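Labels run A, B, C, D, E and F following the written order; every chain starts at residue 1.
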């Protein structure tokens, strides 16, 4: 159980309970507009300040998909050359727990919770991740499954 | 069980088994670069043509997060004004089944598989979705949980 | 004369006087920067806060071309799969009536004002559109001519 | 009647018949994706290679709104500091004459066709513009009305 | 020694001491996010408002590379068709002197300080440039070497 | 003299001769368009396929400023949380040696060539960098000066 400074280790060098903490990123209005643009999802909750002000959160919030996108980049910052990563398998139990507002700064903390050897060359690593805002509140949680090289 | 032309119905007007089919979108090199940029995830599998040529798929492929982002936009096209949508709760069983290559055209098909009333005003709709490429192959599948107005 | 929830009808199912109202979109500083970038139009009125403060509107305003671009996306939200649209023919009487400032939220309202059959398979639909801000002020008006399938 | 190297002259120094020719710009797949993203207009004719191949032009084409956006940037290249421009008034007779395909290179040629003094300080300049592709074909034509300083 | 309104002259028509002044551009939060995205440089000083608030400048600042990128666009505004430019050779003595904060408006002033004929058709022009903010403070200085046509 | 896997060390832990090698990145047409857009530099050599085909390199090439921007992102991949970086001071001897064409894949190699203590808390690190394409050719070289924490 180690605090990892990079996730770019071979499968066999990771252990259950290894943890990671990423840098932070401020979620800007520009990010939300860019995600609406790239995805094509212009739901008024994210892109119409008047409608959002009258809605459940009182202001525009980040798309869930943007939060996930940002989590992948925060992870990548811990990967360097990423030579041990083969493929992104999937995600389970993705939950958007609190709204992410314009100006919030989020970082990622994670823990290795699954290590399944697949064959002699490859293994699947499951990391439980939480995205945390500047007040320490968890805004999203998820489990990512990634295919790694073994050695 | 209806083929829906919009997802923008109140919770109480949706039924288990209702289906939807979206327009298609061609996934371009520009989309992959934009997603790498916005997310910050420059894993060589997505952004280094030389490394990707030597990797498991033989070419650069779309990020899983991009596939999900696109699915939200394809869904939005079926929403019009989106007046019945309150919040995106989460996703389960997200699986990236086949690679999405540059130039692939994907669309979304879905089925309402869960309808849970939350209180008198709101309910959670679960839609099982598949992203399908131009050859009919399923590239990703997932279950999305969204909070709707009831009436 | 119907309030349309989608514009994606065959030519022969539309009538003069049919109306439409779109969702809204907040025009952000990021949108103006993105439009300057994509178009290459960096006129100081749109991109230099100091020069714009000394100019006729007292602040940076959105490009006319951005207002038109946004109108096409607001329209698309009313199209769903867009299976009846063949081509965008042109525009007449495009007028930028009031400035659109950073933070304004605009929506589109329209009325079918022209229906010209072109041949047995195709017809030209003219829609008079107004872009309206959060205070109910018309910021731009235009007439769009689009080629539709007939049946 | 002069071939102008800049459009950034005071109203009173322009003459009917003055002409201009801009640099060229290649319209890329990335431009079309960016315009779909920024505008929110994902009509399959522009963004779905499979649907577009089966459509009237046999391939994806640029949005009309993108062609107009590009025209404003090509114009801006002839403006330098743009100190004489006060506001963009509107457009008339905008016509999308031929499709613009991915990889086409377009430039703008124009002619001053209207000069209306508005008051002692300002005048409206009307420029008839054509966007021309690499084969000399006119892809779009329009008339732009812009408010200029007089002296 | 002339105040140039365009840099697009043949090498032999430029003189040592010729000067230039560009339009201004406001550096927005969106620009910094876009540059982080395009470059892949998410150093917290530029992208994490919490970390930057605790850092040497007390707030997020623009990347040095963004300042340089903007300088090339401000220059391009003085080039029109750019028919005399052959290639960008390099830069010397690039110094980031003061921070550029979100909302600062910068312009470029330059002076031709070197003219080296390379052969009968081409020459290298060296321009000493300063980027200046709205308070008259120099934020960056550099020397650019560009290959020009001679006649 | 070590091959560094991260640049994120305190000043006093770096040594002259320490080297670094980054991941690669394919420079796409989308990147060149995005850089033209963000910078405002639409010089035909980068953005007009017809003009570039007739020019010195026979095809569009990447902007020098884009190459530098990419170098900063490749560096950032070696930084992780970047906790030891205080500010980017400047660059010397920036040279664009060979053209970077669309589709080229470049990576960065560097060597620490200067270590100047500034005071008890801070020091300036100079890294000589080369950007190298898929054929091993150096496309650009430069020296970057960065302010680091000492301990």
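Definition applied: a contact is a pair of C-beta atoms (placed from the backbone, for glycine too) under 8 Å apart; a residue touches a chain by one contact, two chains touch by 3 or more.
Source: prediction; values computed, not measured.
K.L.:
Along touching chains only, what is the step distance from subunit C to subunit E?
P.N.:
Tracing touching chains, the least step count from subunit C to subunit E comes to 1.
K.L.:
Over the chains that touch one another, what is the least number of steps taking subunit C to subunit D?
P.N.:
Step count on the best path from subunit C to subunit D: 1.
K.L.:
If you line up contacts by residue number, which pair in A-C, E-F or C-D shares over half of them with C-E? Let me know.
P.N.:
A-C
K.L.:
Just the number, please: Cα centre separation of subunit B and subunit F in whole Å.
P.N.:
That pair's centroid distance is 36 Å.
K.L.:
Quick check: how many Å separate the C-alpha centres of subunit A and subunit F?
P.N.:
Spacing between the chain centres: roughly 27 Å.
K.L.:
Find every residue in subunit C that makes contact with two or more other chains and list them.
P.N.:
Residues 23, 25, 28-31, 33-34, 37-38, 40, 42, 44, 73, 76-77, 79, 81-82.
K.L.:
Give the list of subunit B residues in touch with subunit F in this complex.
P.N.:
So the residues of subunit B touching subunit F come out as 28-30, 33-34, 37, 42, 44, 47-51, 60.
K.L.:
Subunit C touches which residues of subunit D in the complex?
P.N.:
So the residues of subunit D touching subunit C come out as 25, 31, 34-35, 38-45, 55-56, 63-66, 68-70, 72-77, 79, 81-82, 85-96.
K.L.:
How about subunit F: which of its residues touch subunit C in the complex?
P.N.:
36-38, 40, 42
K.L.:
Using the touch rule from the top, collect the residues of subunit D that touch subunit F in their complex.
P.N.:
23-26, 28-31, 33-34, 73, 77, 103, 105, 134
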